[in-house]
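Should a chain be cited, it is by its letter among A, B, C and D, assigned in written order, with residues numbered from 1 in that chain.
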Amino acid sequence: MTESVPTETPPLTGRIILSDNQYGKAENRIVRIVRDSPRHEIRDLNVSSCLRGDLTAAYLTGDQSKVLPTDTQKQTAYAYAKEVGIDSPEQYALALATHYVADITPVTEARIEVEEYPWVRATVDGTEHDHTWVRGSAEVRTVAVTHTADHTWIVSGIKDLVILKSTGSEFKGFLTDPYTVLEATEDRVMATSLVLQWRMASLDPGTDGWDALYARVRQIAIEQFATVHSLALQQTLHRIGQAVLEELPNVAEVRLSAPNKHHFLYDLTPFGIDNHGEVFNADDRPYGLIQAAVSREDAPPAGPAWVPYRNWLA
Amino acid sequence: MTESVPTETPPLTGRIILSDNQYGKAENRIVRIVRDSPRHEIRDLNVSSCLRGDLTAAYLTGDQSKVLPTDTQKQTAYAYAKEVGIDSPEQYALALATHYVADITPVTEARIEVEEYPWVRATVDGTEHDHTWVRGSAEVRTVAVTHTADHTWIVSGIKDLVILKSTGSEFKGFLTDPYTVLEATEDRVMATSLVLQWRMASLDPGTDGWDALYARVRQIAIEQFATVHSLALQQTLHRIGQAVLEELPNVAEVRLSAPNKHHFLYDLTPFGIDNHGEVFNADDRPYGLIQAAVSREDAPPAGPAWVPYRNWLA
Amino acid sequence: MTESVPTETPPLTGRIILSDNQYGKAENRIVRIVRDSPRHEIRDLNVSSCLRGDLTAAYLTGDQSKVLPTDTQKQTAYAYAKEVGIDSPEQYALALATHYVADITPVTEARIEVEEYPWVRATVDGTEHDHTWVRGSAEVRTVAVTHTADHTWIVSGIKDLVILKSTGSEFKGFLTDPYTVLEATEDRVMATSLVLQWRMASLDPGTDGWDALYARVRQIAIEQFATVHSLALQQTLHRIGQAVLEELPNVAEVRLSAPNKHHFLYDLTPFGIDNHGEVFNADDRPYGLIQAAVSREDAPPAGPAWVPYRNWLA
Amino acid sequence: MTESVPTETPPLTGRIILSDNQYGKAENRIVRIVRDSPRHEIRDLNVSSCLRGDLTAAYLTGDQSKVLPTDTQKQTAYAYAKEVGIDSPEQYALALATHYVADITPVTEARIEVEEYPWVRATVDGTEHDHTWVRGSAEVRTVAVTHTADHTWIVSGIKDLVILKSTGSEFKGFLTDPYTVLEATEDRVMATSLVLQWRMASLDPGTDGWDALYARVRQIAIEQFATVHSLALQQTLHRIGQAVLEELPNVAEVRLSAPNKHHFLYDLTPFGIDNHGEVFNADDRPYGLIQAAVSREDAPPAGPAWVPYRNWLA
């Protein structure tokens, strides 16, 4: 162990203060059915609301007079599912966040985090059914809206987008040190469970709306993953971020987190069996984990857009 | 929905750039046995290592010449478990972080995140057994060391500390609005699964070492939770943070995240049964989620101490 | 508490014996790529193999001379993925089970349990990609083959088929007792995460093969769930089982397990908001759990077909 | 693949019948506080109740007139937590099961499955606290009571008992075949997450009661695991079962399921580091899985004691 660490800090004696704090109701599982016609619609959300403001008294003396109960936030989330509806998770989250800042005096900043679970209509006799759905995939659509009196930040996203390519991926020419035993490869399986989040430069999703924007970003990610001949997962991530920004001028920044879900070629040589990229062990742990942000030089400031609620200390 | 949102941002045209990025090997499951005597010792870790530096070429062109493979980081984590040993997760993480910055040229900052799982010695005929352990509890000890050539930040922590009190907790006098239906209570069950992290002001855990410091913070948290008559979970969290800082001058800041694991009094009145705080439904979701940081006015800057690796986009 | 329990049994003094036992290697995560042409194919399996036979010595004296190591079972599972291939999980499981009974003398019965995870080809520029896939859904295809020298039993199945209908479901006219407070409903959301398993009457899946048979049963289940006006989840389950048996003469028995994933209409009346089947709370626990077997009077004996391996004591 | 499979079965034409079926309410999360004195007591249960009987009409025609709603079972479970109390999970489950068979006419058999989560009193200033607890460990105590008008079966158990020994375990002298590459070892880490269930021969736990019986079986398992020099996990399991039966004459049968949680010695030779049983990789999957039943020759018939509810098709 080298000696680059700083000199020991003397014991601290400063006054103890409350600094960052936030509170709310996490994981309201709201299902909204629209049944204005025989062909129903469904939105299936997991909603977390978080309030920020001067709530010091609650912490220091237990005075709750400025604290809107988390139960009230729950009631509000369900009520808004009817009152403003859920055209998209973005629109619904904006409505909730705006309400808290506008209507609840002690609240100066609100953050609404939404997960949406996909459903696809059941097909019966070749026709889409009016009121039955099958859970589409394990992918989750995410939205985080942060709102103050002056500003609003929207981060839309997708997580658990599991994707795999069975060729078109290399890993070679890397740095080595005495602990390096990995051999280079020019053809491997590359798989990940992509987390992709994009910060909007405006509150305008474009003419086709929030759902279409989500679908387009998802498709860009899949196409880049498929078609980029990958020299490393880093490169693939950057190309995804770049492609999103190039096509969508109202996106300011893209962040990506990608576990390298290792598929190790299984050694069948003890049994005299050739294995040219055919049989793999899908390993659980450890996994490589590559993370990057791709943004524009003229992106507006991120402010609290990336300050999480549920995962603040995760 | 009020109209407090900003004017629409014009489409952006700025150059696309790589900004924050980091990579490494997550969740190496390392078990270290010390067997120098018949009385063995065990440390059971989940180790994630993350490197930061100028790795732009890997993203832009796929050039891996500055990229130490994540497989090498895995080998190093296991090798260091023997070479430097695991006296504590803090000491081991410091050794790894220091190594990467000192010995791997492109690396300017390293972050090592460790989870430690507790084991307790099996008792056989009333005596602690030399080489058999039972998994102690579901609690997890955590460490995050971030290191540059000039500075080192250590955040120690505990998570999944599940704790409950069956009285001594109120919730009343709160703010109300038209969505408020919650009734005040002067006696409720309060339960949480506490996440508690403390940022060190120095690299010195005190004369009793890192394990003792961990045990002491855990005990302070439990004692405060038990003995503070709670007017709200916010107050309890603040008192825990305050007590840690008051007793431990080498701690600069404490952060806490506490889901309010609701235990709802079950309504047995339809059956003519009184239920005075005796039968509860332990509900899953939603849950209140209260989070706060308590620090000292003279705390040194946090720098990247709180910038996570595994949960960067969680 | 009534007094219907039997008289106390006297203490037992009989000889202690080993009765049922089985062992194997669980959860081999095998991914098989077929790359004979540029258009690759993928099968993604979780394979558990279990051997039964006279292995008493291993238990009583630790004598391993009749015990084929679980590591060998792992090697075999991976080797067979290449040697016999994976045309379907049923064919692959049959090959493994047959091998153990035929080739490993102490083994008199083998059970192979397989989970298969679905992948769908990525679409790029409107065309299916040759070597990139997205994880299709969270549904899991299952197979359990049990094999002795004389007989073979195949149970195919699906689990985690999450399905929901927003109308067309009632629950009324039920039995009541003093603990009954539930109100009848003529229109509710009905949702489940269906587990469906069908025992084959033969080893012949029909002319279209195992994959087509699986797809057909899945479709029957979805169509019945959608189109049966449900008076209770029990009725829907029976109709699914009945429909499968009516259409598929080579299926002997169908078993179904269905959690009633409650979607409770959220009470918005305190806020003066009507909620006519539009806003629901998707509750986690508790849940109704309905289970049934539907079979044919002339079904061959089930033998060990339903004796599980991984979940033997689950 | 050998040809030991039976001749193809002709298509079946028999009448379709409902065979096994059961239903109930799963996972009621009941927390019971006893507060008759300042020193409170806590029991934390997950309760599933399952009814069996002639419920054919519900399946065939949707007629619910014999179906006691699962919601009623939920109400009953909570009401009984107060009315009969929870002296032990066994006594509480017996009361519920007996009630359903005695009081609800269509019910001929009831099964109550209970999980209990352990809490330990917080220690404050060296003294056990009156009303604060910390969640003890991840271990779960289990009970399954099955009851008819004539008989009662009780299976008590423990699951997720994670235990590890760092020496005193061998694996050698095993059967080999062409797929065997495993090398024998005379000293390895042995670890498991034990599931242990014991079927009672009577309803009498002995003079010390159900909690003491549970604690004693747990201790026997730990002591055998620790002290038996293990030639294989099979042997250790048998010795645990044998020891329980030898000591406890009111236990008829013991069943054990034990994943072999592999701790692989990490190969540090590429780095010139000796690793004599010191650094291990705790692997996730696959894992060996060993299962056995140990019983008495004069054990009473098991009847439906081992027929599960929640995991019927797991």
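Heads up, the rule we're going with is that a residue touches a chain if its C-beta (ideal position, glycine included) is under 8 Å from a C-beta of that chain, and two chains touch if they have at least 3 such contacts.
All figures in this text were calculated on a predicted structure; none of them were measured in a lab.
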Per the touch definition, the chains contacting both chain C and chain D are A, B
Can you give the shortest number of steps from chain A to chain D, where adjacent chains in the path must touch? 1
Rounded Å distance between chain B and chain C, as computed from the means of their C-alpha atoms: 38
Expressed in whole Å, how far the mean CA point of chain A lies from that of chain B is 21
In whole angstrom, what separates the CA-based centres of chain B and chain D? 32
Taking each residue of chain D in turn, which ones touch at least two of the other chains? 28-29, 75, 79, 179, 181, 270-271, 284-285
The residues of chain A that touch chain D in their complex are 178-179, 181, 270-271, 284-285
Could you pull out which chain C residues touch chain A in their complex? 28-35, 40, 42, 44, 75, 78-79, 81-83, 119, 122-125, 129, 131-138, 161-168, 189, 219, 222-223, 225-227, 263, 266, 268, 270-271, 273-284
Residue set of chain B touching chain A in the complex reads 1-2, 4-6, 8-29, 48, 50, 55, 58-72, 74-76, 79, 84, 94-95, 98-99, 101-104, 106, 147, 149-152, 157, 159, 171-177, 179-182, 195, 197, 201-204, 230-232, 234-235, 237-238, 241-242, 245-246, 249-253, 255-257, 259-260, 285-300, 308-314
